[in-house]
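Both of the next two complexes hold subunit A, though its partner changes from subunit B to subunit C.
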Partner chain A sequence: MAKYILKRLLISIPVFIGITFLVFLLANLAPGSPVDLLSAANGMTQEQLDAYRTYLGLDKPLVYRYGIWILDFFRGDMGTSTAFNQSVSALILGRLPATLILTLSAQLIAMVIGIPLGMVSASKPHSVWDSISSFISFIGSSIPNFFIALVAIYVFAVNLGLLPAFGMYSGTTFTSLGDLLWHLILPSSMIALSLIGNFIKQTKGAVLEVLNEDYIKTAKAKGIGKFRVTIKHVLRNSMTPVVAEISTGIPFLIAGAVTIEKIFSWPGLGSLMITGINNRDYNLITGITAVIAIIVLVCNILLDILYTWLDPRIDFKTMDK
Partner chain B sequence: MDKTAVQKKRSRENGFFYNFLRRPLAMFGLTILLLEIILIFLLPVMLELDPYYMDTPNVNNAPSSEYILGTDTLGRDCLARLCEGGKTSIIVGTVAVSISIAIGVPLGMIAGYYRGAAEMIIMRLADIFMSLPTMILVLVLVAVFNPSLAVIIVVIGIVGWTGVGKLVYAATLSVRNKEFIDAAKAIGTSDFVILCKEVLPNVMTPIWMTLAFRISAAILTESSLSFLGAGVQPPQPSWGNIIAAAEQFVVLATRPWQWIPAGVCLFITVVAFNLIGEGIRDVMDPRTRKR
Partner chain C sequence: MGKQLEVKSLTVGFRSGREVHNAVSNVTYYLNRGETLCIVGESGCGKSVSVSSILRLLPESSTVISGEILFGGIDLLQAEEKTLDQIRGDKISMIFQEPMTSLNPSMTIGRQLIESVNAHERVPKEKALDLCKRMLTEVGIHDAERCMNAYPHEFSGGMRQRVMIAMAMICKPEILIADEPTTALDVTVQAQILSLMRKLKNEYGTSIIFITHDMGVVAEMADDVIVMYAGEIVEKSSVTELFTNPKHPYTKGLLASLPHIGEKQNRLYSIEGTVPSLANMPAGCRFKQRCKEKCDACNVHPDLYKSGEGYVRCVLYSRGDDL
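Take a look at the complex of A and B:
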């Protein structure tokens, strides 16, 4: 087990270096460098521009700069954002909680709704609940989340005036949990909408498979109540594919967060990323993508560990292949 | 006589089109999609619509007999822009997915057939691409190369190769040791010919099965990008950048005709492709066919 986790970590390192180098390379291939933007705006002399370029380290070869960048990254230093004139790591740390609150609550909503619906539709195929859940999962996976989010603002914020249309707090800072949750309802449920379908499908498939197993028949034959069979035997054994769903869902979650954060002016990483891209802020773009890559890679490893806890039959020697 | 008739009937009943045409939902999706494509391409010609003409005195007109879907903030005909945006979406979706297939299929086959170093390099490359969410990777790429229609198509296409590549790789692994490959090798067939004539037909099934879903995903990616301002650039319309008008609160709250039709069209298109996709998958996948 420990050996397997170590191996997974070791495989993740080249992937992390690969993706950060790719993004670093791309960001530096970009036509409009911050120096160009500055000279266009201020009409600086050539000497001043050269001095600025040296100050930013843009006169060194690319691989050298990448080496410096990655070493600094692990020391927690991602350079200075040219758009905000502030340390990138401070900016990211400041925005990360908002994104985590948004994405985790979306994930939670999707699970709380999706898993029970999946279980019900598996145990009662062709029932009303089965039809409702297939309908929800189809709509959820087909509807563009930025459009449905705007419709939701139009209905719940503009016309009904029930929920706030933007921001994380009513004021400028955190006042109460209730206020935060009130602002969280619309954005997180909009992200959840696109995730629910996958949870329904995965849970339904897994439960259908488990229900056919002999040990369920045995449990029923022993006279264990239906409720206990479902909770103790079916649920536990059908959770493995659901966990897999969480891990494959993480990239979608982050991607969905970008558009939703922009629509609801949610002060998270996604809206920071858009600002970085609009201002050609290399340091900010590479910093955010590196942090997102780490989140994705770490989550995948953690979920693998969760796998074994849920299903001790998984053999790590065969998973190495 | 009887036996061959039965066999013929059975083989016809196993045929792709025989089964696909008998799926009401899939046929519904296909009909909607064809109807939409015809409308998008015919309406502008029939009604002589111009998506770029600014009728300055008539800005923000509500739908009327002159402008069926009203005009936008610059006085342009919303129906004209809706059709033009639809062309963009359909083109981006189909061309981008073709690019993903053109990259993913050869790379997946090479990785699965030769194994060794090629496998190591190609599959690690796929892991690298997959460690970032598609949307983030596309955003970075588009920002670097300055968004234009061609750049967006190519970028969405390139980023999508990993999904295709992994499927083809898995399928290639499962056929590479089959007898017919050994037989081809034994008679001295070159690797290139084996890959094209023996391996390729056997690894395409998972690609066809996921084709429609890939197109709808590409359309959604493009519209999200355009919505964020990192995709198709105005004045060229795209459903995404038309909907982006609703980011202005006035438009969102008081001029629904400027953004809702584009969203509805986008939704219908994605639904149509997904219905077709489910039909194709159910027909091609023997495990779900009987359901």
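Take a look at the complex of A and C:
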């Protein structure tokens, strides 16, 4: 297993370089630069602007600059943010927990609701639960989540006054877990809503397939009871596609978090990213992308390990092929 | 002796849209204590469906079952899930046709075995483990210790079927239902599995309902035989009677299509035509279109007539005379 993980990590390095290079390129090729933004706002002299450009290293060729960036990155330095005038790594570290809380809770809500709904709608087709889950997945996957988020703010925050419309805490810092959760409900369930549909669909499909398997008949014939058959035999064997759903869903989860963070003023990486883009803050954009890329790559390796636990027929040797 | 299990007028239908197609129609039989009853017939004749309904293993939403299945004074078709779960695996257990797919791929064999024990007997874990290992040894698995921690995919079909048998027999059931347990195995393994089942039957005094389409297996295993065709019983008799004096034209056809050692045959006999589909069952005798002895009377659906020691569903025997 250690060998497999090492191999996967080594393969991840070129993938990581590819992703960051592409983002670096796109950010730099987009019209406007930190220097342009400055000149428009402050009416600086041409010499001052040129000096700033040289100070930022923007007069060097693109590929050379990327080379500097990646070498610095591997030394643990992601440069300085032009928008905040702070080190990018400090900015990211400050915002990362908020995003992790938001995305993990959204993922958790989606799984806790989606998987059981998928199971029930597979084992009781045409039941009320089946209709409810079709409705939820229809809403979640067909209406963009920024729109539902605005509706939810209007209903729950403005009209009913039940939940806060923005921020992570009532004050400026963490006071209690209850306060955090209270602020978390709306944004995380908005992201969860867009993920639930896929969980329901994947679970339902997998459970329907497993229910037809011969070993389920064997399990029933042993007289171990319906509950045990469902938990020990059906659920475990239908989780492989659900795990696949998690790993393909992570990028969408993060992309969803970007808009939702902006709408709810959630102080996470997503809103930081938008500030970075608006200010053409190259280091910040590339730095956040790099961190997200690492999270996605590591999650994929972890989920691959989870596969081998779920299905003993899969081992690290067969996964290599 | 005595009737251990009685199946009375069992009819099983499958829903297809608004219609219900009967895969098993009005099947009545009983199993004597300590005997082996073979149910024979070609694919789709309803033999598997009829025994799967004994433990109510068919999907309830898509099937319509009527009749009675009496076991120990309980009608299994009316019994509650809880009562059934006390019978399943403990008093009546079942093994299936496909050993390759009948074991849970993500659970070790040991855990699958111990699950059966725990469901029906309150024994400490050590004792249960011990029982599992002994049972594995008994079905001819030498390295029981290693087998307990192995997953099904590490075993061949024959070994898996042995595990299935161990799992089915571990609570010493009164009845074992074997749904074509040797069909998917190759011939040498088939013989081993059959002799293992006979050994366990004698040791545990288990009665067996054995489903097969292989007349050779019938000759090997059966005390009594039921021949099914298109969802109906067409002939019931003892095994010797069936082989020496088959009555129904279908049974005769089945026996004629067996190859004989020592005789020079160019082509094996086969029954012409195909089984009628469930949705399109002919009126009258269901076998008439393929029958060599058909007459006008075959347009009326024949009853199961008594003939000699057995029963036969053919108008030729309607007056009870032996031909």
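Convention: the second predicted complex is superposed on the first by the 303 of 321 C-alpha atoms of A that agree within 3 Å, B and C clash if a C-alpha of one lies under 4 Å from a C-alpha of the other, contacts with A are read in each partner's own complex, and residues count from 1 in each chain.
One rule holds for everything that comes next: contacts are C-beta pairs under 8 Å (C-beta built on N, C-alpha and C of every residue); 3 or more make two chains touch, one makes a residue touch a chain.
Since this is a predicted model, take the numbers as computed values, not measurements.
Annotation: superposed three-chain arrangement on subunit A; subunit B versus subunit C shows no clash, the two fitting side by side. In the overlay built on the shared chain, the residue A:P251 is in contact with subunit B alone; subunit C does not reach it. By the touch criterion defined above, A:A106 reaches neither subunit B nor subunit C. Within the superposed three-chain model, A:L310 lies in touch with subunit C and out of touch with subunit B [touch as defined at top].
Applying the stated contact rule after C-alpha superposition, one finds that A:Y154 touches subunit B and leaves subunit C untouched. Vertex at subunit A: the C-alpha centres of subunit B and subunit C lie 80° apart in angle, rounded to steps of 10. After superposition on the shared chain, subunit A has more residues touched by B, the comparison being subunit B against subunit C.
Contact with neither subunit B nor subunit C is seen for A:I200 once the two complexes are overlaid on the shared chain. After overlaying the two complexes on the shared chain, residue contacts for A:G18 are found with subunit B alone; subunit C is out of touch. Taking all C-alpha atoms of subunit B against all those of subunit C in the superposed arrangement, the shortest distance found is 11 Å.
Annotation: subunit A has no residue touching subunit B in one complex and subunit C in the other. For subunit A in complex with subunit B, the residues that touch the partner chain are 14-16, 18-19, 22-23, 26-27, 29-31, 138, 141-144, 146-147, 150-151, 153-154, 158, 165, 250-252, 254-256, 258-259, 262-263, 273-274, 277-278, 280, 285, 289, 292-293, 296-297.
Across the complex, subunit C meets subunit A through its residues 52, 55, 57, 61, 81, 84-90, 93-94, 96, 98, 101-107, 115-116, 118-120, 151, 153, 164, 167. For subunit A in complex with subunit C, the residues that touch the partner chain are 125, 213-215, 217-226, 228, 232-233, 236-237, 310-313. Remark: subunit B residues 124-125, 127-136, 139-141, 143-144, 146, 216, 220, 223-224, 227-230, 243, 246-247, 249, 252-253, 256, 259-260, 263, 266-267, 270-271, 274 touch subunit A in the complex.
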